[in-house]
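Below: one structure in structure tokens.
Residue numbering begins at 1 within each chain, and the chains themselves are lettered A, B, C and D in the order written.
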Amino acid sequence: MSVFVNRIRSFFMVITDNLLSSLLTTRSHTEEICAPLQTEDYVVQPIVDVSPPKWHLGHTTWFFEEFILAKYKAGYTRFHDDFAYVFNSYYESIGKRVVRTNRGNLSRPTVSEVYEYRDYVTNSLHSFLEDVDDIEIRTLVEIGIHHEKQHQELLLTDIKFILGNNPLLPEYNATFEENPTVKLSSKYITIDEGLYQIGFKGDGFCYDNELGAHKVFIEKYSIAKSLVTNKEYLDFLSDRGYENSLLWHAEAWDWINSDNIKMPLYWHKVDGEYYQYTLRGLKKIDLNAPVTHISYYEAFAYAQWRGERLPTEFEWEAAQQFFDWGLRWEWTESAYLPYPNYAKAPGALGEYNGKFMVNQKVLRGGSVATPNNHTRPTYRNFFHPQLRWQFNGLRLVKNK
Amino acid sequence: MSVFVNRIRSFFMVITDNLLSSLLTTRSHTEEICAPLQTEDYVVQPIVDVSPPKWHLGHTTWFFEEFILAKYKAGYTRFHDDFAYVFNSYYESIGKRVVRTNRGNLSRPTVSEVYEYRDYVTNSLHSFLEDVDDIEIRTLVEIGIHHEKQHQELLLTDIKFILGNNPLLPEYNATFEENPTVKLSSKYITIDEGLYQIGFKGDGFCYDNELGAHKVFIEKYSIAKSLVTNKEYLDFLSDRGYENSLLWHAEAWDWINSDNIKMPLYWHKVDGEYYQYTLRGLKKIDLNAPVTHISYYEAFAYAQWRGERLPTEFEWEAAQQFFDWGLRWEWTESAYLPYPNYAKAPGALGEYNGKFMVNQKVLRGGSVATPNNHTRPTYRNFFHPQLRWQFNGLRLVKNK
Amino acid sequence: MSVFVNRIRSFFMVITDNLLSSLLTTRSHTEEICAPLQTEDYVVQPIVDVSPPKWHLGHTTWFFEEFILAKYKAGYTRFHDDFAYVFNSYYESIGKRVVRTNRGNLSRPTVSEVYEYRDYVTNSLHSFLEDVDDIEIRTLVEIGIHHEKQHQELLLTDIKFILGNNPLLPEYNATFEENPTVKLSSKYITIDEGLYQIGFKGDGFCYDNELGAHKVFIEKYSIAKSLVTNKEYLDFLSDRGYENSLLWHAEAWDWINSDNIKMPLYWHKVDGEYYQYTLRGLKKIDLNAPVTHISYYEAFAYAQWRGERLPTEFEWEAAQQFFDWGLRWEWTESAYLPYPNYAKAPGALGEYNGKFMVNQKVLRGGSVATPNNHTRPTYRNFFHPQLRWQFNGLRLVKNK
Amino acid sequence: MSVFVNRIRSFFMVITDNLLSSLLTTRSHTEEICAPLQTEDYVVQPIVDVSPPKWHLGHTTWFFEEFILAKYKAGYTRFHDDFAYVFNSYYESIGKRVVRTNRGNLSRPTVSEVYEYRDYVTNSLHSFLEDVDDIEIRTLVEIGIHHEKQHQELLLTDIKFILGNNPLLPEYNATFEENPTVKLSSKYITIDEGLYQIGFKGDGFCYDNELGAHKVFIEKYSIAKSLVTNKEYLDFLSDRGYENSLLWHAEAWDWINSDNIKMPLYWHKVDGEYYQYTLRGLKKIDLNAPVTHISYYEAFAYAQWRGERLPTEFEWEAAQQFFDWGLRWEWTESAYLPYPNYAKAPGALGEYNGKFMVNQKVLRGGSVATPNNHTRPTYRNFFHPQLRWQFNGLRLVKNK
């Protein structure tokens, strides 16, 4: 086992059982997410944060081609010479790429060419992996699987944006339940002050940003058992929360005024009643579902209005065993920063997480769009504070 | 014949023979232009000036539905209630619409739905027109036909931009010849000073902006028999014409610097040689073809460099019988302004031309992309001075 | 007399009597315009079109230094090496310069240094001209005088903007009457169709853009004896003219909506009554004064609403002897284009006019802010169609 | 003592000895900072982050008028009714205000009127305070003093930007030494892991963001005794640190490319040698002075290049007794976030700090521009990560 693998393995903890079957399941799940789409839905990019579905299909494929097949498979021929340019996302060290704002301008390669590309790479991996037990390569495959799972969630939220931004408000899938009714509880769990272990330890996969398990001293606090619901959030609207500058960060106040923000993303007020676009089409607001598609700014303002606050990511992690989570990514008060002893992986893989550690907030938990087995108590998701197209929500905290 | 018809007819001169056959031919020609496209090519909008092909298909259909079927056909049911919103282009007086910058964000309606919409409206018109000889309605149909022909040229130039902006530079059609070799001539035709009749007179269709035939006094001038060729334009590049501020308008100089303009649109310099993207794919520059895809600013700077100038639209019209035209839309020095006695048509049709009569330059002639029988000696095309994606070119004039 | 002078003289017609006295009067008049200012008023640039008064003071001085003293006066030492960089306006061929948007960021040179610079250059010119009767140099001095007079009007309108944009709305000068009551007349003067001589001919100074006198054929029209008044313009507001899209150019409609334009510049609606900021401070609208501080777009929309139109610059020139003018620069329908046979002066002076001949509209006449003897029947002023900070107004025309 | 005072005092810890003398000293020190300025220097705003000096003079005065005199002094008459509008900075809850981007467009009130305003308010406070021993009011005065001291540092850095951005590069003051030579040391101080007390405790003034002293667990680390010097930073330039994407955050990489950042602010490369604009004018780089005018992004990239990192604000605070500080504000890796138990002050004073707690980085220490007695070991300064016009620098940390 090479030194290189040791180093990679120290950044991304992995477990390698059933790697091939895990790979094939993941690859086909991505395609299942796209099954309800029309060809046209694969192409558009209504805002810069949203990528066209065919780009996700190609990019996750390029990742395997670039980092594994081209490097390790003898005699491997790339599917198409120009695809690296088209499907590289942000790896500056790998070469030129289509800038993110232009992904929606590309009609070619076509959707069926992208599916051919997927098949070609999946098949190449399949035959390649049957003969390989090099731990270095297997580690990279596992990283590729997790990378693709991350994109599965983005793919679904991007699809929702593409359809929900369309004036025809088409349905994606009649059975996808994004708004499960939750058992309401006004209970808070009290956690004592003390030193808590934070970060990933043990076996299984994790990202480099979770590593470096370390102790954090936390003061006593109480954290809500339930997520904030639509019903509760509507009270904030009724009380004109969006018009009270004292509840908002200065940058948030500028943002809601310049972008004319008055309610969560996908909400529509029609004849005095609130509706929300869901993956099943336009529906009346479901009062008992947890509020979602709000920015950090809105989560913060809501908490201010309640006289409470958001948890830090450490408070969340220390308490997460005492409540249910996974319906909404939960905004925390924590900025996305490196843990003590964090170090970037060498080379291009080092661009995976570290270079985003500024100006973003951490979200914890998971959501109705998160693939199976993709999240865990130490998982650190992160987005800019104004972004709303993920299934984001919030949970409140009180001091003592 | 109603007063209204008289008024409409006085704005748009028409001839109504074979109206139905003309309609059907036009409708299917639009679809033929799209035949080489992949579904994905119908959807994207790489720059604001370019519309997605499916938008052109829908918009030309909406025009017939909105201005004819919905108004005059008893019991007509619109194909879809929301399509007016999606496919209205700029008629403020007709209602809300998708803003132009967002057309490329819409994956729905799908391409096949748009084709169904086309068929529905074409068939409705077909059955409707068999029974109608009302001159008012027939006039509106003729306007609709010419409107669709205008969009056929835009459709082709938009398709060229969509494919030519793609890093894969796909071919549109192996047989479309956009760069015919022209018989070079250095001859100039001299036209004597005098009063010349300008504008449309007589039978047949024309737009309101050509009407109001009137006299213009023109001084003696000489106009080139040939368009400027790629070979001649390359001399301007070699002489560093793009770096000499004295040749350019102030706004042009800002534009070439901020947009890093160094050669015509679609030109690529590869290993010291010039290539151009054409509808047949990337080709070496054809030296004897007329230069194209240049802005007014570039045409003007080129003429300055030659010590000559562009013709006015009046000079062009007075001399056009003495030279061949129709390969390139020819930039003129004239601003797009109303002729004496110009008046807008009443209501929404009045938005057709008049409201664009500021900040644009007139182009005369026609191009390899202009549909048959769509242009004429009095036809006034117009674009903003920096735009290049039409098949634009130039012809020089000398004083005396 | 050198060939060069012949060429310069053919671009700028001049008369050289009393040149020195004319120079000195002009130089001191510029300073008189600034007399009511506080030091701070000389420095700011609230919008890109407005230059700081001290920049005007320096720039008109630099013009004499650069084009005359540095070239022709033996042993002349520039006042300061860096001032050419600071005070060049737009002469690309002369060298680098402070870009226009940054003029208001410069606190140095101070106002008193700029006055020292003025004195230094005026005195140098004074002593130099006593010994010079070279016609070439005297021609350049005359151009410099007219250049400075042009800046005098800009200086005054820029001062008005600087003070009128200040929340304290300070008075500039208690006696400056910008709103003379005009004798109202509803009369129109009818002008017969025919060939009219247009452009400058004869002695005296003119700019290159007026030269090339030529014949223009004009159809019969009637032109109003009076300018449109505030009272008349208020009727347009009352009739919701700013809300009726059919009256406006497409670009105008975008502009009034994005910039929230609802009335002329400097108008304020306070408790249901209209006020206007004037150089004498905030005053009630003077109903019988000619409307001013409107854009071409507003002038055009007003004319549309009246069912009339703006004159072309040729119609204006052909009729100007039959009405009074000089209170407001009168928007015409004409685009700012070269006359037949127009040619740019050689070198940097050629940048004076020609490079602005695109995307601008011609204004004719003069205004309450125009210096004595600075305008004439053939004078062609020009601005972009949305600009309003000059004393612009309009006069109506009817066909026949 | 009212409940309100208790609440205010719990947000801003104060000591009230010699309050009047402290007030008067502070007020005149602000004016001393401006003494070398020309009137024109008080007016301009070259970038949005920099305010015109006269705005600082007025704003610090308005703070006392608005929060103290207008509320507590019987019969107090405001100096001018419109000044609240002109000089309010960002207190949304206090009323309308000149938006920050427009401060440099205001020539009035003049500099001498602003000085009159200062005198009026200082004198009013003077007479008022002689009779007042109400602790609530005295607390507010102390807050006003500290507020003005904060602005003193901004005033000086804004003056530096105004002069250093001027092409004439004028000197501010021949004796101001901003680049003291530091005794170089390559030593690192090692701090053991443990629980450390963070935040303000005890007597004296502090801001609300320092309160809530609390324990933080820190792992073992070593922190440099010296700041990074110009000499050391030049090695980073020589090694093409600005061209190596792997050293930079993704947003930093976009920023250095779009803004063409290649060296610290105020550095100029002339004929192969580096110079820096200082308050004493343009000087050769002083190799042994600590590097300054760098952004967080540059500090981070430099540390990456060294294979080390920036301290967290907690590491800085725990170790600060072992090194000298106060020459440069030291960028930390910490985001500006509320301490546990942080709560905003009620009403407008609550806008002081809390609403900025997103997207900013904490700086610790102080600088050559910090007023006497204005900083302390717990002081938390904060700026956006790309800002460079403060006297910012960096100190390195190694793990273990």
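Here, contacts are C-beta pairs under 8 Å (C-beta built on N, C-alpha and C of every residue); 3 or more make two chains touch, one makes a residue touch a chain.
Small disclaimer: the values here were computed from a predicted structure and weren't measured.
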> When the centre of a chain is set as the mean of its C-alpha atoms, what distance in Å lies between chain A and chain B?
Replying inline: 45
> In whole angstrom, how far does the Cα centroid of chain A sit from the Cα centroid of chain C?
Replying inline: 58
> Counting in whole Å, what is the centre-to-centre distance of chain A and chain D, each centre being its mean C-alpha position?
Replying inline: 36
>> Quick check on chain A: which residues sit in contact with 2+ other chains?
In response: none
> Classify the inter-chain contact topology: is it line, ring, star, complete, or other?
Replying inline: ring
> Which of the chains are touching one another, listed as pairs?
Replying inline: A-B, A-D, B-C, C-D
> Which residues of chain D touch chain A in the complex?
Replying inline: 90, 92-93, 195, 214-217, 219, 245-246, 248-253, 296-297, 300, 333-335, 337-338, 340-341, 347, 350-351, 355-359, 361, 385, 399
> Which positions of chain A touch chain B when the two form their complex?
Replying inline: 38-46, 54, 82, 85-86, 98, 102, 104-111, 162-163, 165-168, 170
